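Several structures are given next for inspection.
The two complexes that follow have chain A in common; it is paired with chain B in the first and with chain C in the second.
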Partner chain A sequence: MAINHEVLDKILLPYPDKVKKNRIKHIVRKNPEEGCQQIEANTRTIPGIISQRGCCYAGCKGVVVGPIKDMITITHGPVGCGYYSWGTRRNKARADENTPPEQIYGAMCFITDMQEPDIVFGGEKKLAKMIDEVVEIFHPRAINICATCPIGLIGDDLGAVAKAASERHKIQVLSYNCEGYKGVSQSAGHHIANNMLLEHVIGTGDAKSEPEKYVINILGEYNIGGDSWEIERILHDIGYTIQGVLTGDSSYEEIKNIHIANLNLVMCHRSINYIAEMMEEKYGTPWLKVNFIGVEATKKSLRDLAQVTGDETFIRKTEEVIAREDSVVLPVLEQYRKICAGKIAFAFVGGSRSHHYQHLLRDLGMEVVVAGYEFAHRDDYEGRQVIPTIKLDADTKNIPELDIKPDPERYQEAHVHLNLSKEKYDEICSRIPLGYYEGMYPDMKSGNLMIDDCNHYEAEILVKRLKPDLFFAGVRDKYIAQKMGIPAKQLHSYDYSGPYAGFTGAMNFARDVAHAMTTPAWRLITPPWEKETKEPGDNNA
Partner chain B sequence: MLDCMPEGPVEHTIGKINPAKTCQPIGAMYAALGIHNCLPHSHGSQGCCAYHRMHLARHFRDQVLASSSSFTEGASVFGGAANLKTAIRNIFEIYNPEIIAVHTTCLSETIGDDLPTIIKQSEIPEGKRVIHTNTPSYQGSHITGFSNMVRSMISYLAEATEPVKKEQVNILPGFVNPGDMREIKRILQEFGIPGIMLPDTTNVLDAPLTNRYSLYPEGGTTIAQIADTGNSKQTIALGSWASDAAGAMLLDKCKVPCVPLRTPIGLKATDDLIMTLHEKFSCEVPGSLAVERGQVVDTLIDTHFHYQGKKVVIFGDPDIVIPLTEFVLTMGMIPKYVLTGTPGARFETEIKHMLGEYQVEGSIVKAEGDLFQLHQWIKEEPVDLLIGTTYGKYIARAEDIPLVRVGFPILDRAVHPLMPIVGYRGCLRLIEMISNTLLDRRDRDVSDEDYELVM
Partner chain C sequence: MVPDPHPLHEVNENQCQVCMPLGGVMALKGIADSMVLVHGSQGCSTYMRLSMVEHFNEPVDIASSSLNEKQTIYGGEENFRKGLDNIIRVYRPKVIGVVTTCLTETMGEDTGRMIGTYLADRSLHGIDIIPISTPSYSGTQSEGFWTAVRDLIVYYTTTVSPHEGVNIIVAQISPADTREIKRIARLMGVMITLVPDISMTLDRPYGILYEKIPPGGTRREDIAGMGGAKATIQFGYCCPDPLSPGKYLEEEYGVPLYNIPLPTGLMNMDRFIRALVSITKKPVPQSIMLERGWLCDAMADAHKCLAEIRPAVYGDPELVYAVSSLCVENGAIPALVATGTTSSRFSREILSLTQDGERQPEILEQADFSGIGATAAQKGVNLAIGHSGGKVLTERHGIPLVRAGYPVHDRLGGQRILTLGYTGTLSLLDTISNTYLEEKYRTYRQLRRTEFYDRGGVIHAET
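What follows is the complex of A and B.
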């Protein structure tokens, strides 16, 4: 069934006027004839609407700083926020030559567990004491302190506590004022975390760049289900050296030295573009938007990267690795295409996955007809060229923008970072969009829908109308879709599978998606004694 | 696993490291899902609501709907009244529940929003209800939040309207799985005693997959039933942390007497429930239940050598841990460390009393503890088995001790919310889990010559 005006009207119908006026701007049906279509994003969630969004704390602690494996992150607040973000995001981490197993804290959870007197009289002493105990017990290399909602209100000065603790223990103690009410979603927390890491961690190491190596960082890759290990496997095979992955399986030790990289790759643009941009301003490091989700997308990213190096060896090696991987992956995908081809899907996730996964689904012959992000900004839909035109509202203005100046010792121009002549660099830039992200829009087919911050009600109507074959969302929406008879996969946690990135990941994903659609139970919903025969997915006509 | 754990004893006096509790609102949300046609509403920033829904969805593997007041910084400064009023209007227009059950969060509590007044000033359509409870997470735990919400259901909705109390029982099941609630309802049916269960998450969080989707699943206690709890002649409050407050409120408000009992986990606690029903409703204990009980005793005798004398850790929520400890004592096991994250000194007294009765010495019992502490004790003196939530799996792996998953939350195994651990049938299931886990371990560890067909 086509997405026509009737469907759109139906979505908006029961909304009170104010809600309707608001939501209509978050829903765009792609029509290239209309020129650049604008979508509203990164604005307040409407009270009472069942949204998928989380909070600033979740973006800061849960997404960006929590996964740094050798830092202890203390959540300052009552027990819940820290508890729910303990071990639930599948950021895999392991020991390596920089970080022994005793210095990995990913399976642990640290909370000040504020009690009523702390709320009344302040929690600074408790926090300071907890830092002391934690240092005494675990000797971490560095500590993060993340604020939860009540902290801002009671006025605990986290910065002062952190500074004093840092002086006492001679390790870095970083504090993040990422109270959940800041901004309008997780997005504010990404920004706060990015600021802190850039200002206080990145560039504090004394590693020197190694001219014989080509060093890259992967920014915005969180190693869910082992994704970054798969990406690193491929990049290593081609011959690149990876200094840091932010922040999947990353360590404080590595992050301190990511300034030595020749180039930053950016996976999840939303959560990390601030660091990419600020490193460019501070060190001159250029960045390249990549997407390692999907075989074709991975190949394109690898080829773009090889082009950016301007180095024939990398270009050749890239093709060798691609040929090698293709020979394994393509026959496998071909099998699954038989099941998947022609099927349609919805994708409502995060700030980049709803775009990235469209490529992988296309490899399988599937089309995403409705896609949306939970907490993205307009640039993630429409492309970075819209950034200068985005009006900052009060919620966003509360998140500090750092004033970055070029580092007097370390700043180098982009072409110097890339070991290229200025001419060669300019020539490459004319072909490969360095420092740019085009957003989801160009990849959507005409007539399909983009919905920002899609809520339960809108998803329900669309599922009933369009009867997708697959529904990609988070755990909260998975079971809703399945109750409607639609197979659903979690794209945050991969339903505990993975990796889904790179070549190996594509095969895993194809298998999981095929299984989700073909598991025999879908044909058993109607009991034999219920006369009318219904097809799966037809349940809510 | 957990190589970062220190070797010897350390000073850990402040905060929580690997907590064994969570915050109040999730309990309130779970309780509210047990009202028919109800949308739980979280008054605070949306993050809490997102986390609570996520956690419940992971445990139950079922749809968990709840809305939020979605505070921004402005609301946090000026109070959340406008957000709540807008939310209530939007919820009734878009999701059309019969009732909204509002709970607070740390944020709205710290601000000090006055919920009764805000609700009074809200537009509530004819025939619809909005109730609320206060759930500041800087007190108590998720169990406190559950208890508060159930008490609020009574205080808002229960009414004594009949001159003579009805021959029916109110069952306050406490924070247990729908599978447990279903089993308790079956026991009532065996007796033939009409009952109202509050809350009732059967057919909500163990809902079947059918050809009919609805926003509000079929289950849940109806508003009419909640009102009618005021006319019942008896309340049985199962688990004092989760249910005593509501039981007391029913007595106070509607003069319904309340018998507080332990959650019917294990033989003794189930016997107590059966005897209470038998005595209060003067009806014979059905033969079917006598058979079930006999089967439990028979099994205990048949299998005691699988587990008797084994040292066990039990951790989780107090209403589950207390009767479970009693049951493992019945099984002849030794509860070496017993811990809950929820505060309440009574926990320690009750457990210590039981240990005394069975002459078990040298155990450590702790309320308001955390799993870091527990792990330290285990490192000092190991045990044979862990019984508790999913969070025990790190210790299980680090120390190579098997874990039987019981309680909330269980995030890494499925089906458990549908399977009871209460009643005599629950006893059999617990025996099976404990016994099989220990035997599997033995089979894994023994040498070839000791590997046996019959055990």
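What follows is the complex of A and C.
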């Protein structure tokens, strides 16, 4: 069924008028004749609507700083928040020459488990004692302290506790005032975490740049199900040196030295663009938006990267690796295309994935007809050119913007970072958009829907009306679709599968998606004694 | 010297408990036509949905008042009212439970007053909005659950004329367990009001119309009549009196209370049946006697294997007590019994299970898995029973785990785990035996080789 006004009206029907007025701005049906249409995003969630969004703490602890493998992250608060964010994101980490296994804490969960007296009399002493014990038992290289809601209200001075602990133990102790109520979603937490890492960790290492190597960082890649390992495999084969991945399988030791990179690659624009931007201001490091989800997208990203190096060896090696991988991957995908081609899907995930995965689904001949982000900003939909026009609201203004000055010793102009002449750099910039992200909009087909902060109810109506063949979302929304007989795939933690990135990942993903759609069970839902004209799932729809 | 298994006092490393509002939500999900509003930051409802969805494999709708920084200063009433407006428009519930969070409790939000004002302004009919106070720093999921059940009962019950029905107030059990209790009551021919009834709401079968609020749950009319019941059977053996819903019914309406353990294990299930018999004077049907007979037969089959097991049991106090009792009656004396919460009754009741024996379990309250793991290793635990948080015991200490309780996030079918009744006990018993046997078969030959061949016949099984 086509997406028409009838569907949209049906969605908005039960809402009170004010809510209707609000939600209609978050829903855009692409019509190229209207230019790039504006979508409302990153505004307050409507109370009482079952939003997919999480909180500031989730963005800071759960997404950005939690995965740093050799740091202990302490959740300061009552038991819930720490428990709920324990291991749910499947950030994989492994020991290596710099980080022995006993210094990897990713699978553990540390909380201060505040009780009523701590709320009444303050939790600073408890926190300080906990830091002492954690240092005594685990000897971590550094510690994060993440605040939960009540902390801001009772006025525990995390900064002071962190500073004192840092002096006592001679290791860095970072505190994040990422109380859940800050900002409007996870996005605020990303920003707080980005600020802290840039201000206090990045650039504190004393590694020197290595002129004989081409050093890159991958920002906004969290190694869910091993994604980053697959991306690193490909990049290593081409000959790049990877200094740091933020923050999938990353270590504090590596992050301290990511300033030595020639170039930053940005995967998840939403969660990490602040660091990319601030490193550009502080060190002059240019950044390139990449997407390693999807075979064609991966190839384009690799080729863009090779062009940016301006180095014939990388350009040639890139083609060799692509040819090698293509020969393995394409025949496999071709098999799955037979199952997937022509199918339609919804994607409601994250702040970049709903865009990234459209490329991979296109490789399989599938089309995303409804896509939306949970916590993205307008630039993630419409492209970074809209940033100057975004009016900052009070919630966003409450997150400090750092005043970044060029580092007097380390700042170098972009072309110097890239080992290019100014002319060559300008020429490359005219072809490859450095420091730019075009957003999801250009990749959506005319007539298809973008929905920001889609909620449980809206998703249900859309599934009923449009009957997609596959539903991609987080686990919270997965079962609405499945209850209506439509296979659903979790794209936050991949239903314990992965990697889905790069070339190997595309094959894994194609296999999982094909399995989801071809399970014989879907055809058996309607009992044989009932009318044979019924479609699977009609009972529930 | 035996090392102190709890050298830490502040570090809570790998928790054994979930937060108080989640227990409240769990109880409210067993009320017919209900919705829940979590008054706090939206992360709370999103996290709770994540946790519950992964366990029940069902859509779980939990609304939030989505407080932002501004409301933490000026109060959250406006958001609270908007939240209620939207829930009512979109979901059309008859009951809305409002649970609080550490944020709104610290702010000092008076949800009772806010609900009163809201209802007066909106002149709504047929919708009940019930405040439930669940500050997560004052308890765990267990306390949240009992608080919500008690508050619901306090809200609805009125003085009614006596009737033949029996109240059954359950602890946090699975939908499959809930169905089992209802089945047994049907076989016994007893009319029951079961609170909370999650048998359908958190385990919807295919073939019924998908609706935003799932069918099933305890009807509010039925709760209203609980004060006239012949008796209350409550599976709240460790529940403290101030939180006990059955205690309230007894004190307020004079409904006799049978506060008994969850009917897991032969003795506990016998207590349940005996309570039903003594309340209703009905005979035990032959079909239930057969089920009991099959369980006894299974216990005889498994006794040698079970006697070798030194289990660690952890989780919600009710489940832990009942499962420990099952273990004790089968000769598998627990080496370690732990709960993430604390209760005046817990240790006492656990100790009374084993007081006649030579071996006493180590008991941990407010435990975390770092403490449970250390003690388990020291006590030679060879099997653990509890929720999926205990997977760290397998990963770190190689202890096989039988999953039961909440949450089960790393295996399918948490909602279908049946541990109650003679039948549920039997299936749990078999799972325990077979999990142990699987480990034994996997390691037996190597261990014997080490003992008798590598060590030249010196028997050193325990090292």
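Just so it is clear, the second predicted complex is superposed on the first by the 532 of 541 C-alpha atoms of A that agree within 3 Å, B and C clash if a C-alpha of one lies under 4 Å from a C-alpha of the other, contacts with A are read in each partner's own complex, and residues count from 1 in each chain.
Just so it is clear, a contact is a pair of C-beta atoms (placed from the backbone, for glycine too) under 8 Å apart; a residue touches a chain by one contact, two chains touch by 3 or more.
Keep in mind the model is a prediction, meaning the values are calculated, not measured.
Asks: Just from the overlay, do chain B and chain C fit on chain A, or is there a clash?
Replies: Overlaying the two structures gives a clash between chain B and chain C.
Asks: Report for A:Ser209: first if it touches chain B alone, second if chain C alone, otherwise both or neither.
Replies: neither
Asks: Report for A:Asn419: first if it touches chain B alone, second if chain C alone, otherwise both or neither.
Replies: neither
Asks: Touch test for A:Gln103: chain B only (first), chain C only (second), both, or neither?
Replies: In the superposition, A:Gln103 touches chain B alone.
Asks: Name the contact category of A:Ser166: first (chain B only), second (chain C only), both, or neither.
Replies: Neither partner.
Asks: Taking the superposition as given, does A:Asn22 touch the first partner, chain B, the second, chain C, both, or neither?
Replies: In the superposition, A:Asn22 contacts neither chain B nor chain C.
Asks: Touching chain B and also chain C: which chain A residues?
Replies: 14-16, 19, 44-58, 77-86, 88, 107-116, 118-119, 126, 129-130, 133-134, 137, 148-150, 152-154, 179-185, 394-395, 398, 456-457, 460, 474-476, 478-480, 483-485, 525, 539-540
Asks: Per the contact definition, I'd like the list of chain B residues that touch chain A in the complex.
Replies: That would be residues 1-4, 6, 10-19, 21-26, 41, 44-48, 50-55, 57-58, 61-76, 83-84, 86-91, 93-95, 105-107, 110-111, 136-139, 141, 207, 209-213, 215, 372, 394, 411 of chain B.
Asks: Mind pulling up the chain A residues that touch chain C in the complex?
Replies: Against chain C, chain A makes touches at 14-16, 19, 44-58, 77-86, 88, 107-116, 118-119, 126, 129-130, 133-134, 137, 148-150, 152-154, 179-185, 394-395, 398, 456-457, 460, 474-480, 483-485, 525, 539-541.
Asks: Where on chain A is chain B touching in the complex?
Replies: 14-16, 19, 44-58, 74, 77-86, 88, 100-105, 107-116, 118-119, 126, 129-130, 133-134, 136-138, 148-150, 152-154, 179-185, 394-395, 398, 456-457, 460, 474-476, 478-480, 482-485, 525-526, 530, 534, 539-540
Asks: Going by the contact rule at the top, pick out the chain C residues touching chain A in the complex.
Replies: The touching residues are 8-15, 17-22, 37, 40-51, 53-54, 57-72, 79-80, 82-87, 89-90, 101-103, 106-107, 135-138, 140, 204, 206-210, 212, 340, 392, 395.
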